[in-house]
Amino acid sequence: MADGMPDGDPGPVVLALRDVSKSFGAIAALRGAQLELRGGEAHALVGENGAGKSTLVKILAGVHGPDEGTVLLDGQPVTLDSPAAARAQGIAVIYQEPTLFPDLSVAENIFMGRQPLTSGRRIDRPELAARCTALFERLGVHMDPDRPARGLSIADQQMVEIAKALSFDARVLVMDEPTAALSGVEVERLFTVARALRSHGAAVLFISHRFDEVFDLCDRITVMRDGQWVSTDATGDLTVEQVVRRMVGRDVADLFPKQDVVAGDVVLEVRGLTRRGVFTDVSFDVRAGEIVALAGLVGAGRSEVVRAVFGVDIYDAGSVTLHGRPLKPGNPAAAMAAGLALVPEDRRQQGLVMELSVERNATLTRRWKLARMGWLSARTERATAAEWSKKLQVKAGRLSDPVSTLSGGNQQKVVLAKWLSTDPTLLIVDEPTRGIDVGTKAEVHRLLSQLAADGMAVVMVSSELPEVLGMADRVLVMHEGRLVDDIPRARADEDTVMLAATGQAR
Amino acid sequence: MTSFLTARRLRGVITGSAVAALVLTTAACGGTTRDDEDASSGDSGSSASADPNAEIPEGLAIAFLPKQLNNPYFAVADGGGEKAVGELKGDYSEVGPSEASASSQVSYINTLTQQGADVIVTSANDPNAICSALDQARAGGAKVVTFDSDTDPECRDAFINQATADGIAQTQIDLMAEQIGGSGKVAILSATANATNQNAWIEIMKSYAAEKYPQMQIVSTVYGDDEDEKSFQETQGLLQSTPDLKGIISPTTVGIAAAARYLSGSEYKGKVALTGLGTPNQMRDFVKDGTVTAFALWNPADLGYLAAYAGAALSAGQITGAEGETFTAGDLGEYTIGKDGEIVLGDPTVFKADNIDDFDF
Amino acid sequence: MSASTAHRPPTGATEADAPEARSRRGAALAQRLVVVRELGILAALVLLIGITLIANPRFLSGQNVRDLMLSAAVLVVLAAGQTMVIITRNVDLSVGSVLGLSAYAVGTLLVDHPGTPVVVAVLAGMVVGAVCGLVNGAIVAVAKVPSLVVTLGTLYAIRGLTSLWASSSDRLQINASDLPSSFKSFGGARVLGIPVLFLIAVAVVLVVGYHLRSYRSGRELYGIGSAPEAARLSGIPVGRRVLTAFVLNGALAGLAGVLYAARFQTLDTTAGTGLELNVVAAAVVGGVAIAGGTGSAWGAALGALLLTTIGTALPQLGINPFWRDAAVGALILAAIALDRTLTLRLAARLRGRNLRGS
Amino acid sequence: MAVDTSSAPVAGNATPPPARAPRGFTLPSGSVISTFLVLFLVIASFSVDGFASTRNLGFLLLDVVVIALIALPLTLIVVTGEIDLSVASMVGLSSAVMGKLWFAGLSLQLIIVLCLVLGAVLGAFNGLLVTWLGLPSLAVTIGTLALYRGLAFVVLGDQAVADFPRSWTTWAISSLGNSGIPNAVLPLLVLVAVTAVLLHATPIGRALYAMGNSEDAARFSGIDVARMKFWLFVASGVVSALGGVFWTLRYGSARADNATGLELQVIAAILLGGVSIFGGSGGLLGVMAGALLLASVRNALQLVNVPSDVLNIVTGALLIVAVVAPQVVARLKTHRPPARRSAGAQKGNP
C-alpha cells in the first residue's frame, strides 16, 4: 500500500507537494517529499524528529521556498514565497511554538494585518473586539480580547493561535504539534474545531507525536523518514506499531521499560513550598532509586515547583532539604553542588545554548570541575564531551558543531549528558521526551529507569499520561498550584490521575 | 534643548587671549592650581640668541591647526595665515579635528610632528592638554605659535594675542556704559563655564566696572555653552529672572548672535542694550534693525596673518620669542614681543551702523 | 533582526504559566497603565512648570511660552520619528547628522535660490532626510545588520559628508543675513500667537501617533518590535515596514533640519551634533520601550517637551546649569524604572487574576 | 501492508534537521580583522611617508591605549548581550574627581585609589539598575551617560586642574627606552592577556558566552547571570576610572569634559572587531585588532593630509562594511542559488 496513494477517499485534492527537496547548506532536510491533502480530510503527518516535517510545514507556510519540486494548489503550481502569500492562498498554520506579539492585545494578535477597517481605512476597534469574541465563543474560550498577550499561559497562547488560524476561513489548516502544551479538555476543544473545519470541506494537516490523537482525529496518515516520503494510508488500515516501525525503520521494543526497585533513603524533602500566585503549600519526599512523576494539567504549577526546588525561581515560603541539609533558595549553583540536576522543560530556551557547540553545551555544567587552576582547555572539554556523547549515543557530526544542528532527540541527549556528568543524586526531568522521536524516547526511558535502578532519585514532570503511568513508582498530582494527590504505582491509572489533575479527586 | 553629549564640546569660537597663561600659572581662575610645585615659567624658549637680519627661507612648511576645522571664525583667521604664507613663499596647510577637543588636536599635532612641519600655528582647545604634544613637536624642530587661545607659555614659542584682556574687557564695559548711561543692572552671557578667556575677561570687567561705573551693577553671569540654542534660552532666562535688566554683555560670538536674535524678536528689542564680541556678518542685520548699537571684535584675518609671520620669523631665527625682540609682519608693520612671548595684535575694532559694511567676515 | 529573538523567551514562557487566564479587567488595567504612563510625564511637566512658576511668576508669560515651544519643536519632531523606529526594535542614531545635512542643504538651496518658496524648502529638506533614511533602512532591512551599528556608522559618515560639502563649497556658515526674508519670517511666524514651527511639530506628532494607533501598517510596526519572528510568520512584510519606518524617520529628521534652519537662521556644519542621544532619551522618558513593541509618539513628544522645559526651567530656578545634564540623566533612569515597575505590577495583577478566575 | 523500504535498522535520526544558521553579524573570528589589520599596516608602511617610524608608532599606540583599555571589560559586557554607554562619562567623572582631589591636597597615590573606588561605585550603580531592577542596559547607560557627565561638571565645573607632578605626566607619554612603545602599553598588555584568558580559557568565559546566547539556558545551567553581569559593570567602572586617571596624566589636564564621545569610538572598535551587538560571539583578539585598525587608518590618512571630514566618512563606512561584509559572505556561502529565488528562502533560517 505504501507504493501508491490510496484513492477513493472523498473530496478533491486541494494541496499537493510533488518531489519537493530542500537543503540548508550541506544538510538535506527534504529529499523528494510527497504530500497530498484532500478537501474534507484530516491528514496526519508523522515521522521522527529530523524526518523533515517542520521543513515541510514551513514550505507550506511560505517561510522557505523549495529548492526543487512543486507545490500544487487545486492542481495548479503556486509560488508560496512569503507567509503572506501562503495566507492569501488560504493556508493557515499553527506552529509548534506560539508566535504571539506579547505587547499587543489578544484581538490584535489574531487579526494582525487583517484588522477590520472603517471607511477611512482606520482600524475598527469595536468590530475587532466583536469578531474576536465571536471566535472565542466558537472555541469555547473565555478570554478578554483587549488584554495583552504577555502573561498568557502557554495553553492560552496556543488557543489564541488556534483562534487566529480559524479566523482565516482557511482551506488548508496546518497544525504543527499544536497539542504539546494542551490539556485533555483543550485538545478535545481543538479537535472539535478541526472536525468542524473538515466537515466544511477544508483540509487539515495534523502533525503530532501522540498516536492516540493521530488515530482519533485523522483519516489518513503520511509517514516520513529522513526527508523522504515513506507511505500514505487510511488510518483504519494501520496500527500504532506499523506506523512506528515505518517511522523508525525497525521494531521498537517496550516503550516504558521501568524496572522495579526498592526505594532507599529519602533524598529530597520539600515542605510547604509556596510562591504566591503560582503554587501553594507543596510538600513531598523523594527516595533514592525512586522515579516520582509530577502530573497535572499544563499550568498546574509543576514546572514552577521543580524550578523553585532547583533554585532558578525563588519561592516565598517553605523549605527544600537535600540529603538532610537545607538547600539555599534561589541558587542553582548551590543546588548543583548538593547533587541536584534539572533537565528543563524547554530544551531550546532553557536546556541548551543553541548557538554554542555540542561540546560547550555538554560541559557547561562542569566547567569549574574541568578547569585546572582556573584554566579551562578546549581539549579537556572535548574529551569529556566525547566520553558522554559516547555513553548516551549522541549522534552528532562534529562535537564542535552548534548543538542546533542536532535533531531534537540528540539535543535532549546532550542535555542529559550535561546533567548526568555532574553526577547528581537527584535528577529532575521536566517533560523529558517532549518533541523527540519514538526511538530516542525509548532510549531516554531506558536510561531513566537504569539510573533509578542504580540508586538515583528521579523526579519526572510529564504531560504524557502513558509515560507517567509507565515510568513512575509514584505519581504526585498537582491541580491549580496545589499538590492534590500522591498515587502509588499500583493504584495509578488514567482515571485516578486525571480525576486528581482536574480537581475531582476524593 | 541642547545636547548633553556634546554640550560641553568647546566649539571653536572666539575665546581670546593672553590671560590664559597668566590664569593658569597663578591661581586667578578660582584656584585651579594647587600650588606651583614645579613653577618654571619665565623666558621660555629663548635660549638661543636672535639674529634680526636672518633671511626667511622659502618653502617653510607652515601648518595651521585651529580648534576645529570648518569653524567660520578660524576659517577667516587661517585665510589670513594663508595670505601671509603666500607672501613668504612658504608651504601652507590647514589641518584639524572636526570636533573641538584637545585630544583630537593632540593627534593632529603628532601628525604634524611626524610630517616635520617647520611652524605649527594653533589655537588650543585646552591650555595644558596639548602641551606635551607641542613639546615633542618643538623637540622635532618645529616652531609653535599660538593664537586666539594660548597654551601654557612653556610649550610654545610665541602667542599672538588678539587684544589684551584689559583692552577687551574695558572696551565692552565702555560700550555698555555708553548705551545705558552708566547705570543699571547688567548681565553677562558667556561661553562655556570653563572657557578660560571669558572667565578672565569677566573678572576684569567686574572690577573695571565697579571702579569706573559704580552705578552699573553686574548682576549675574550665565553660560550658553557657545551653543546657539542654549545661549538663546539663557538670554530668555535672564530677562525672566531680572525684569529690570538694562543690558547684556556677551563676550562670545555665538552668545551675542543668539541674544540679538532673541531680543530682536521680543518685546525687549531696543529696550535692553546688547554688546559684546561678534562678527560683522552675523550681527549686520541686528545692527541695522536697531537691536544692537555697537559691538567689538578684532579682525581674525589679521590675527592669522600675524601668526604666520611670527612663525616664519621664529623659524628663520629672526626672533626667539624673548621679550623686546622685534620683527616685521608684512602689511601690518612692525611688532614687538612682550612678556612671556606675547605679541598683541592691537585694540579691538568697534563695529557700528556706519562702519559695519566695510567688513566681511 | 532575527537573531535578537533568541534573547526573548517566547511570550510569557518565563512568567509563571498559571491556569487559564480569564480576565476581563486585565485589559482595562493594561490600558489604564498606558494612560497612566503618559499622564505621568504630563504630571511631571506640570509639576516642573508649577515649581518654576513659584520661583518666577513670569515663567509662563507669552514670550516665554513661545520660546519654549520653539525650542521644543525640533526635538518633538525627531522624537515622533524616532518612536516609529524604536517601536520596531531598531534605533536610528544618525538623526542628528541627518538634521545637520538637511539644514545645511536647505540653507544652501535658499542662499543659491532666494526665490524658493518655503514649501519647496521644507519638501527639499524632507527629501534629503528621506534619502538618508533610505540608506539606513536599506542596510538594516536588506543586509540584516543591527540598526545600532549601521546608524552609528552613518552618524559619522553623514556628518563627514555635510562637513566635506561645506568645506569644498567654501560656505562654512550660513548667516541670517544670507537667508531670504520669506524663510526668516516663516521661522518667526505665528498663528493665534502660537509659533508655526511648533504647530508643525504638533501636527507631525498627531499624525504619527494616530497612524501608529489606528492603521494596520502602524500596528504592524508594534508587532515587528514585539516579536520579529512572529511578525514574519504572520505575513507582515517586516523588511518593507522597517524600511518605511526608517525612511519616514529620515524624512522627519529632514523636516527637523528645516525647522532648525528656520528657527536658528545661523547654520554651520555642526547643527544637531549629539542630538541623537537626546532624542532617544526623550522617547525613553516618554515611555517608548527601547526593546520595541510599546510606546506612543504622543508620549515621546511629551518626553521631548519635558526635557526641553528642564533646560529652560533650571536657570530660572537659579539652579547651577552644571546640574542640568545630571538632572536629565536622573530623569531617564527614573522613567525606565517607572516603566519596569508598571510592567511588573501589571504582570503580577494579570497572574493573580488568572488564578482566581479559573 | 507494505514493507518498509529500508531494511537496515536505523536508530534515531540519520539526517539532522535544518541547521539554524549561525548568528549573522559576526566575523568568523578575530582572524579576518587581524589579517586586514596586518595587511593595512604593511601597505601603509610602504606607501605612507612617516607611518612606519618608532615615533609614529608611539603616537599611534598612545591614542589607542585608553580605547583598548576600556574596550576590555566592555567587550565582556557586549558578549553577554548588554552594553555600557556610560564609559566615557565615567572617564570624565573620574578625571574631574582626580582634579578636585589633587587640588584639595591629597597625594596622587591615594587619589588614584579613590578614583578606582569611585569607578567601582559608578559601575555598581549601572550594574544594580540592570541586574536588580532588570532594566535594559542600553537605556540605563544612556541615562548614566548623562548623569555621570553632569556630575563631572558639578564636581569640577568650569575649572581645569593641570599641575600634576611632572614625573607622572611624563611617564604617561614617554616610551620604553627608544622603542617608541609607550610605557602604558606594558600594563595594558598584561590586562589584555588577563582578559583574554578570562574570556577564552576559563569557566567564567564559557559562562559569558552562554549568557550572551541564551540567558535562560545559562541560568538553568547554574550560572548566576545577575551576579556576573553586576561584576562586569563594576569592572567596566573601575577600568573606565583607570582610563580617566591615565587620560588626565597623559594630557596633564583634569577636566569635566575629558573623553566626551569616546564611548562611540570604543564601541566602534568592538563592533569592528567582530563582536555581535546581540552578544554571544566575538573575541578579544578581534577587538584589539579593531581598535588598532581604526587608529591606524586615521593615523595614516592624517599623515597624507586627508581632511577630518573624510576621516569621519571612512570611520563610518568601515564600521558598516565590517558588519555587512560577513553577512554577504555568509549568505553567499550557505545560500546556494536555488532553482527559484524566493523571498522566503532569502530570509533564511531564523
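Each chain gets a letter, A, B, C and D, in the order it is written, and its residues are counted from 1.
Quick note on the criterion: a residue touches a chain if its C-beta (ideal position, glycine included) is under 8 Å from a C-beta of that chain, and two chains touch if they have at least 3 such contacts.
None of the values given here were measured: they were computed from a predicted structure.
Enquirer: Would you say B-C or B-D is joined by more C-beta pairs in contact?
Expert: Result: the pair with more contacts is B-D.
Enquirer: So the centre of each chain is just the mean of its C-alpha atoms; given that, what is the distance between chain B and chain C in Å?
Expert: Roughly 37 Å separates the two chain centres.
Enquirer: So what's the Cα centroid distance for chain A and chain B, whole Å?
Expert: So the centroids are 73 Å from each other.
Enquirer: Once you find the CA centre of chain C and the CA centre of chain D, what distance in Å lies between them?
Expert: Those two chain centres are 28 Å apart.
Enquirer: Pull out every residue in chain D that's touching 2 or more other chains.
Expert: 23, 145-146, 149-150, 153, 157, 213-214, 216, 261, 307-309, 311-312, 347 - these are the residues of chain D that touch more than one other chain.
Enquirer: By residue number and range, which residues of chain A touch two or more other chains?
Expert: If we look for residues of chain A contacting two or more partner chains, we find 62-63, 82-83, 346, 349, 354-355.
Enquirer: Among the residues of chain B, which are close enough to touch at least two other chains?
Expert: Chain B, residues with two or more chain partners: 4-6, 9, 69-70, 98-99, 193, 223.
Enquirer: Let me make sure I understand the interfaces: which chain pairs count as touching?
Expert: Listed in label order, the chain pairs in contact are A-C, A-D, B-C, B-D, C-D.
Enquirer: Touching chain C in the complex: which residues of chain A?
Expert: Within the complex, chain A contacts chain C at residues 61-63, 82-84, 86-87, 93, 95, 97-105, 108, 112-113, 115, 117, 121-123, 142-157, 164, 275, 277-278, 297-301, 303-304, 346, 349, 354-355, 480-481.
Enquirer: Which chain D residues qualify as touching chain C in the complex?
Expert: It is residues 23-25, 81, 129, 133-136, 138-140, 142-151, 153-154, 157, 213-216, 261, 264, 267-268, 271, 276-279, 307-320, 323-324, 327-328, 347, 350 of chain D that touch chain C.
Enquirer: Which of the residues in chain C end up touching chain B in this complex?
Expert: 56, 58-59, 61, 63-64, 67, 71-72, 75, 96, 159-160, 163, 166-167, 172-173, 175-177, 188, 264-266, 268-270, 273-278, 281, 304, 307-308, 311-312, 315-316, 318, 321-322, 324-325, 328-329
Enquirer: Across the complex, what residues on chain A touch chain D?
Expert: Touch residues, chain A against chain D: 1-3, 22-25, 27-29, 48-52, 54-55, 62-68, 79-83, 225-227, 230-231, 233, 237, 242, 245-246, 248-250, 312, 331-333, 335-336, 342, 344, 346, 349-356, 360, 363-365, 367-368, 370-371, 374-377, 393, 395, 397, 402, 404-410, 418, 437, 439-440, 443.
Enquirer: Spell out the part of chain C that touches chain D in their complex, as residue ranges.
Expert: Per the stated touch rule, the residues are 2-7, 9, 14, 139, 143-146, 148-150, 152-161, 163-164, 167, 229, 232, 274, 277, 280-281, 284, 289-291, 320, 322-333, 336-337, 340.
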